[in-house]
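After this come two complexes, each holding subunit A, first together with subunit B and then together with subunit C.
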Partner chain A sequence: MEEQQVIESTPSGVRTATTTVHTDATCKWFLISSVSYFFIVGIIAVTIAAKFVWPELLGTVSILTYGRLRPLHVNGMLFGWLLACDMGLTYYIIPRLCGVKLWSEKLGLATAALWNVIILGAVVELLAGHTQGLEYAELPTWLDVLVVIAWVMFGTNIIMTVANRKYEQMYVSIWYTMGTILWTAFVYITGNFATMFTTGVNQANLNWMYVHNAVGLIFTPVGLAIAYYFIPRASNAPLHSHKLSMIGFWSLAFVYVWTGAHHMLHGPISQWLQTIAIAFSVMLLIPVWSVVYNFFATMKGQWYQVRDNVSLKFLMSGVVFYLLTCFQGPMHSLRTVNAIVSKTDWIPGHAHMALLGCFSFFAIAGTYHVLPRIFNTKLYSDTLANWSYWFFMIGGLGFFVTLWLGGFWQGWQWNNPSIPFIDTVIALKPIWLVRFFSGIIMFCGITAFLYNFMATILNAKENKA
Partner chain B sequence: MDYTYPSVFFSYFLFFLFLGGGIFFCVRSWKRGYWGPDQEKAKYHVFEEGEISQWPQK
Partner chain C sequence: MLNKIDKDAKLFVGGALLLFFLGGSLTTIVPPLVDKSWGKPFENSDPAKGLTGKLLPYTAQEKKGLAIYTREGCWYCHTQQTRTLLADTKRSGWRGVDAPVSTPDEFVYDQPHMFGTKRTGPDLSHVGGKYDAQWHRTHFRNPRDLVPGSIMPPFPWIADNEEEFNALVAYLQRLGRAKNWRPDNDYEK
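Entry: the complex of A and B
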């Protein structure tokens, strides 16, 4: 049976006559793996945070040194947790928005299997110290090739599903997902393969183009695709304006790719390139404010729902973090601000607010929303879900704010040539202590999220919805 | 082997490819009604499909 009869009232006032039956097998496997990696890589995260405070921790065991664990944390969180979770949610969202089944569930399951091979391969290779030595592009080449193959499999499945869609017009989440598929291919190949053919400043410039656009053209569009789907769905209120969402999409498409060089301000690249990067970074305010206004306007009259709906809590907090992080980005691209914060602890504070505070919040929200639905059950514990939210929020705020303040402090010290560098390191120890304890609180959030997730699945048969 | 100029030309190629693609799809979205009177229809697609998943009955 491909379709079933349903009677449902919707904000469009339409009583849907038939609906497609979705099996969501691929979505399930991506979510199970990604949430598991979130927990495992969370342990690595707390360990390296502890190493900032107690550098002698774990001694000189090579696989447990900072240089091995840090790339594992970065790649594990980016590709093992966040991108995998986003892909899982995409497999859920796109067939529903297109009104058809996923083009090939078998291809989806093969993609999930290959993705797990990549992540497990990355764990072994990075712990063994095999790395390309470039930020965010540490994975060895053979794993990069597998990532490209997996991405082609993912892209084919999604594009074919969209090609078979029931509705001619595409909802904005489909636009962002298609953008993600195209831009990831371009950004990933440039960052992981093109860098091999360049050296020195050119290589650094390409690498920073990749690093910035890994956030801006991979995690941002797929994160927004998820938010654009789940904010209306979780609040049961239609999006404020589809036209405004289109303006946000196209301005992101035209603006984002030029911003990477702001990582090299005051560096050995041309002044005109630096100025272009600054100008486009400031222009990012256009897509960001259009997106954020659209989300807030959608929630007009619906805010009371945030109190009892954990998905909405995560979503709307993620929107606020998106607004903040995308205000920071343009501002610290200005030469005067950049002279203080560049290369300091401000940057990990900013990056964590984007990837954890915003996009991981969207992914967690989506997971909490779909989990009971794809397993046809009830969430194991709403209380535990709320606890996970507060752990993430309190730990995250402690982490972000401490690193911003510490980063400014560090930058001012670095700008004073009379202060020896080692003194600036020692001065930051209290900052790193707070960072460690904030990390512990966030890890409690991850643990609560994982426990709730697994308990919901394991109790699914007894707790039929 | 110096790859600087090939990489610059490749960058120009990618730039025009993406700019061309961007303009093409932007114009096409205009023609397909995303900016016209029916522009808000698509937002109701979110609510058209059921959310519960199930294995198809044989």
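Entry: the complex of A and C
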């Protein structure tokens, strides 16, 4: 009996593809704006990478200095590109898994409009130097309020769709999406509002709880919801195990929130709290490995499909990066390893593997998969899509691996106080040059992705599927 | 249990929030209640108990300096924590004296906190009093004039703005000064 239900509610099952007609207007607008921001913020990303090599570049204009552009890069990629793309895909996935239309397309379109107001507001405010000075939470308060409103609009729409669902059993993507909606609300409020009433270490602790869970309880669950939907869909194979996906979900729900203090290991924060954060960070291996095993087992006998299916290429590479980044994470939190890698250039290598290598790969895969379907056409160019994959892959690996090597080396140098600090900066210059060129290659990937995306939409009328 | 929660959205919501609040409250609300040093400014006048000194609230000018430091994103490249690592105490040290390890009670007035996550430039937790104002002015105009090989951006709009420059330097000069850690009291102004 249970077996039967699992198959029916799996994305590759027959039932989800039946009668309901979806308009997908909200999904379209979220995807169009997010992919555009991906490109625009990509320019900023390459610019700040260039500033590491040529520190004088644009250096005498205050609004174009590194300290102004970096928060724009981080917030633009996190909220303008990745979260917006994830939301767009959620508007696609949830109605299909529930067998009903989206609760309200009008509300969805209003959410998309509000989201664009937030991103454009963020560009102006951050360039002007109006920042709260907390990582991932730089946006000024009025924008924070708008984010909360937009999130409530998004959450209401999705939860009402789930409440009206036709199928009783909820596929695991629905769980992860609902988890994201609930947790994000509280994680975001902690990181952007509770911090206003605290100072010093107390504030830092709330800040790291937010930063860590922005990744762990926002981008991870929504990213996994997308992967859980598109891996079986793109490969046309049923999910290996529903039960294992439940273990992954509930262990993630339990473990993630405890780990924030591992951002301040050896720092001025209570030792016992550091130890708790370390213990729970290591436990993260449980949800991660159960998820990754499930994905690999689903692909058993299906790997040949990866050759010709760009979505699957991105998805399965994303899964490998997920496994790697979530192996690094627990290892960094061990005190001995942390003493070397913490605060070095290793960390951006790690962070980019999580948010670009894993979650952006999932989002790109989902976009490539849904784009022809929502516009009722075919993808403009499969070859170009394949090129975009290899640009991202080669540029990404160049970026990650170079920064790990450089960061590890830097950490060893720092731990030898007889080496003057400036020598450890000069030593890293070749690393930053390679990082810049890797960034250029990744930017080629973004450009190919954007071009293919827009060309598909503009040619949709002629190329009816 | 797992089967039931699989079909009942209300049970699901309850479970997901319960686990979140359990971990969330034990790691954010409880710690400052248990560890009082998070909220109590450093103060010690007894040399037998270690370094003496007192953490004072920010003056209006220093506060403005912190705001400029925040605005320009200095904290993206400079951490402010001397960690419990031997190398950190040596690197934050000055003229042969090791800097003391940073403790929570030194940061009670920091809003926003400036601990940082990335160390592209040196740690600034004990930079107060190491360099004089003239050094800072030259350094902000073009860091490479004083530190060849540096990749810090120039900040001419601060160096040339008397009010902003003085505020920023006032802020920098107080960093790490709550504890009197230099036996010769050789702080620059």
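Keep in mind that, in the parts below, the second predicted complex is superposed on the first by the 447 of 465 C-alpha atoms of A that agree within 3 Å, B and C clash if a C-alpha of one lies under 4 Å from a C-alpha of the other, contacts with A are read in each partner's own complex, and residues count from 1 in each chain.
Keep this in mind: contacts are C-beta pairs under 8 Å (C-beta built on N, C-alpha and C of every residue); 3 or more make two chains touch, one makes a residue touch a chain.
Just so it is clear, the model here is predicted, and its values are computed rather than measured.
When both complexes are superposed on subunit A, subunit B and subunit C clash. Looking at the shared chain after the overlay, A:Asp24 reaches subunit B, while subunit C stays out of its contact range.
In the superposition on chain A, A:Pro417 makes contact with subunit C only, not with subunit B.
Touch criterion met: A:Phe254 reaches subunit B and subunit C at once. In the superposed model, A:Asn202 makes contact with both subunit B and subunit C. Of the two partner chains, neither subunit B nor subunit C is touched by A:Thr275. Once the two complexes are overlaid on the shared chain, A:Thr383 sits clear of subunit B and of subunit C alike. For subunit A, the partner that touches more of its residues is C, with subunit B and subunit C as the two candidates.
With both structures placed on the common chain, the touch criterion links A:Thr141 to neither subunit B nor subunit C. In the superposed model, A:Asn459 makes contact with neither subunit B nor subunit C. Touch criterion met: A:Met170 reaches subunit B and subunit C at once. Shared contact residues of subunit A, touching subunit B in one structure and subunit C in the other: 2, 168-170, 186, 202, 243, 246, 250, 253-254, 257. Of all residues in subunit A, those touching subunit C in their complex are 2, 51-52, 55-56, 59-60, 62, 65-68, 70-71, 129-135, 162-163, 168-170, 175, 178-179, 182-183, 186, 190, 195, 199-207, 209, 217, 243, 246, 250, 253-258, 260-261, 263-264, 266-270, 273, 276-277, 280, 339, 343-345, 347-348, 414-417, 421-423, 425-426, 429, 432.
Within the complex formed with subunit A, the subunit C residues making contact are 2-3, 6-7, 9, 12-13, 15-17, 19-24, 26-28, 31-32, 34-35, 38-39, 70-77, 79, 81, 83-88, 90-91, 101-104, 106-122, 143-144, 147-157.
Per the touch definition, subunit A reaches subunit B in the complex via residues 1-2, 4, 6, 8, 10-12, 14, 16, 19-24, 27, 95-97, 99, 167-172, 186, 194, 197-198, 202, 229, 232-233, 236, 238-239, 241-243, 246, 250, 253-254, 257, 370, 373-374, 376, 465. Residue ranges of subunit B in contact with subunit A, taken from their complex: 3-4, 6-7, 10, 14, 18, 22, 26, 29, 32-35, 38-57.
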